[in-house]
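The following block contains the structure, expressed as structure tokens.
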Amino acid sequence: MSARNESVVGLGKTRVESLTDGIFSAVMTVLGLNLTLPYITATGNVPLPNLNEIGASILIYMLSFFILAVFWVGHHIVFHYFRRTDRTLIWLNNLFLLSIGLVPLSTALLGRHFSEQAPLIAYGLNLLAVQFLLYASFWYATLHHHLVDAELDPIIVQSARRRILLGPCLSIAAILLSFIDPLISLGTYLVFPAVFVLPGRLDAFWRRQETA
Amino acid sequence: MSARNESVVGLGKTRVESLTDGIFSAVMTVLGLNLTLPYITATGNVPLPNLNEIGASILIYMLSFFILAVFWVGHHIVFHYFRRTDRTLIWLNNLFLLSIGLVPLSTALLGRHFSEQAPLIAYGLNLLAVQFLLYASFWYATLHHHLVDAELDPIIVQSARRRILLGPCLSIAAILLSFIDPLISLGTYLVFPAVFVLPGRLDAFWRRQETA
Amino acid sequence: MSARNESVVGLGKTRVESLTDGIFSAVMTVLGLNLTLPYITATGNVPLPNLNEIGASILIYMLSFFILAVFWVGHHIVFHYFRRTDRTLIWLNNLFLLSIGLVPLSTALLGRHFSEQAPLIAYGLNLLAVQFLLYASFWYATLHHHLVDAELDPIIVQSARRRILLGPCLSIAAILLSFIDPLISLGTYLVFPAVFVLPGRLDAFWRRQETA
Amino acid sequence: MSARNESVVGLGKTRVESLTDGIFSAVMTVLGLNLTLPYITATGNVPLPNLNEIGASILIYMLSFFILAVFWVGHHIVFHYFRRTDRTLIWLNNLFLLSIGLVPLSTALLGRHFSEQAPLIAYGLNLLAVQFLLYASFWYATLHHHLVDAELDPIIVQSARRRILLGPCLSIAAILLSFIDPLISLGTYLVFPAVFVLPGRLDAFWRRQETA
């Protein structure tokens, strides 16, 4: 592909992915670093914390990291199928990243007050925003095969859409369950990320192509 | 292109973009993380904040994120047309990034004191610096088609220049309006980023080429 | 390779490496920045610290940076041999990164309480998690040459596996030594990263290929 | 180049550059963010600071950013000529990055105590470490054209070496001048980064090749 053609076709996706990876890595990391702050900046004597004291902070860090990793993998797979971007897709992605930046806040509030309804709903709404924007990106890009390959298998598109749509459904369920029993709602939040770690129909596609 | 040629032509733009994306993602993220700090590092009992308390912080985060996203998209599009960089362009970009690093400060001051003139002017001057340096980068690179393709359509250059120039004009207007009425000035600042989310003449170019 | 083929073969490794580099650079850097915080944010008079006061913080920063650099080099070399990724490898890497995010905490605790057994064991367990997950990634990817080249020399695979396995062995040794004498355990932790800076059998392979 | 060849030749430089850009962007950015912290995290009423109060912090931020940008440009140009990396070069680069992580600390100390000798010497030693490690990287990679193109013009190597060596010379001069008069030493530190913004013999090479 000549240099001239490169500037002629629509905007590339490399920099959008690069900004996304940068934001995810910053959010995922600095949370863990904050745990360390008191032991780094102190100039005097710092007592050794017992596990109870920092245990809650470490658990919130792990939960936050895990949920963010689920979304990062989702973004990675979704953008894997895109060939180009345009202004609309970039702005859907920017709003996605804005919502990602709020995940640590809503996770921390939930971690501190897991039996109250308000943080359960706030957490659910935050997840809903992230999941909706990821779905909107994929829906927009695959509409009339707008920003993906013309030959992209419709079964891949359908499988991916269903898998992404599972997220908002589970979030809405957890929000509604918080009106019945906070603990069942919390359980739903803890269990559902695990669903996305399991391989799905999409994974089979990658494997099939390899052996071909 | 052979390895030898790669070292022969001027400096590439990949690393300049990589540094830029890294700085944008850091600025855009850590702001949101700071909201979370009190709920992460606390070892004792942390009361649930009411929405009034953290509402202002969340709004400032969103406004900051949005304006930075506008500038990032601008930078992405401008650099999309560059083929190479040189020392002058790199230093224009470094000064651009230095100004970007001050945006959170001037946004936060504005968010806390939005009816006073001093932060309105400081915010305007900061935006002006960012916008001027982005314009200077594009102007410098397209001068005699210095760092862009020789075949780059002059209409694209002209459209892009006009769109970028819109920024400084709106910032100067907002600064001047702050002498008449702080609220009109504030309104100008809140409305103008939206202008850049809308597609422009440039977008049509990308679409036209695709169908060709 | 056509655009269609790119989306057909399994997930690429570029973004996984990009997220990893982002997380490593954030962890490695912000530690150093925390040293600077009191001298940046202060608005009044800040006395010049004497070297004793900040010496311990600087040493912990250096030790942390060094160990993280050892793991980064390990990750760099391991992923160098991968051709593709899949969901399992991505999640092994995500857990690796989660453990990396805890290294500053366990290093700081060790730096403050280097003669007590609890931080020596916590540090060892953290290193063990990182090393085990790096080994698991390499083991999984090279199983039946799953995610590496079919032609990859088995001697390279074997050499790399042995080198990575050295890590967990040294960590387990240091943990066990902490039951005998904390200082010997500490010495083991300080010495073993140096082992990985030395070139190994793998390096010879790179050199041999160059001259061919 | 086939996938097999890629794994056969020595380690690539992409990830080393990626880690470097990540660390530079984190260091350059978070400094500016710290200025903003008090205005973001506060939940109550925050008075508008007068320019005197935050002026010093903004100046230290700018000075820090500028010096880091000089080193980043230096690293960018030096690595531009490298074709591959090996373990030695990676570790020279890791030590370079470790020293970069201390620049904000020594700059902040200098900014707060610019008329005392100790921070002038500490600052000089930090710069010296960074500059020496950059020179060592270039010297090592160009030794017998070890990691650069065999056809790389010796005049380019010589010009680059001389330009990089200028740094340590100026740092040593500034350290020695601090024994005579702190203010002359400070002036040397403030002036010398400007030397590296000016184009040198190397730049002419890039331009010459373009027109060929």
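List of remarks:
Labels for the chains are A, B, C and D, by order of writing; each one numbers its residues from 1.
The rule is simple: contacts are C-beta pairs under 8 Å (C-beta built on N, C-alpha and C of every residue); 3 or more make two chains touch, one makes a residue touch a chain.
Being a predicted model, the structure only gives us computed values, none of them experimental.
Although chain C and chain D share one sequence, what matters here is the overlap of their interface residues, and that overlap falls short of half of the numbers used. Chain B is reached from chain A by a rotation of 90°, derived from superposing Cα atoms (nearest 5).
The geometric centre of chain B is 24 Å away from that of chain D, both derived from CA atoms. One inter-chain figure worth recording: chain B and chain C are separated by 34 Å, centre to centre, where each centre is the mean of the chain's CA atoms.
The residues of chain C that reach two or more other chains are 18, 21-22, 25-26, 30-31, 35, 37, 49, 54, 61, listed in rising order.
Note for the complex: chain B touches chain A at residues 17-18, 21-22, 24-26, 28-33, 35-37, 39-43, 46, 48-49, 54, 58, 61-62, 65-66, 69, 72-73, 76-77, 80-81, 83, 148-149, 151-152, 197, 199, 203, 206-207, 209-210. Put simply, chain A touches chain B in their complex at residues 3-4, 7-12, 15-16, 18-19, 21-23, 25-27, 30-31, 34-35, 37-38, 49, 53-54, 57, 60-61, 84, 86-88, 90-91, 94, 97-98, 101-102, 104-105, 108-109, 111-113, 116, 118-119.
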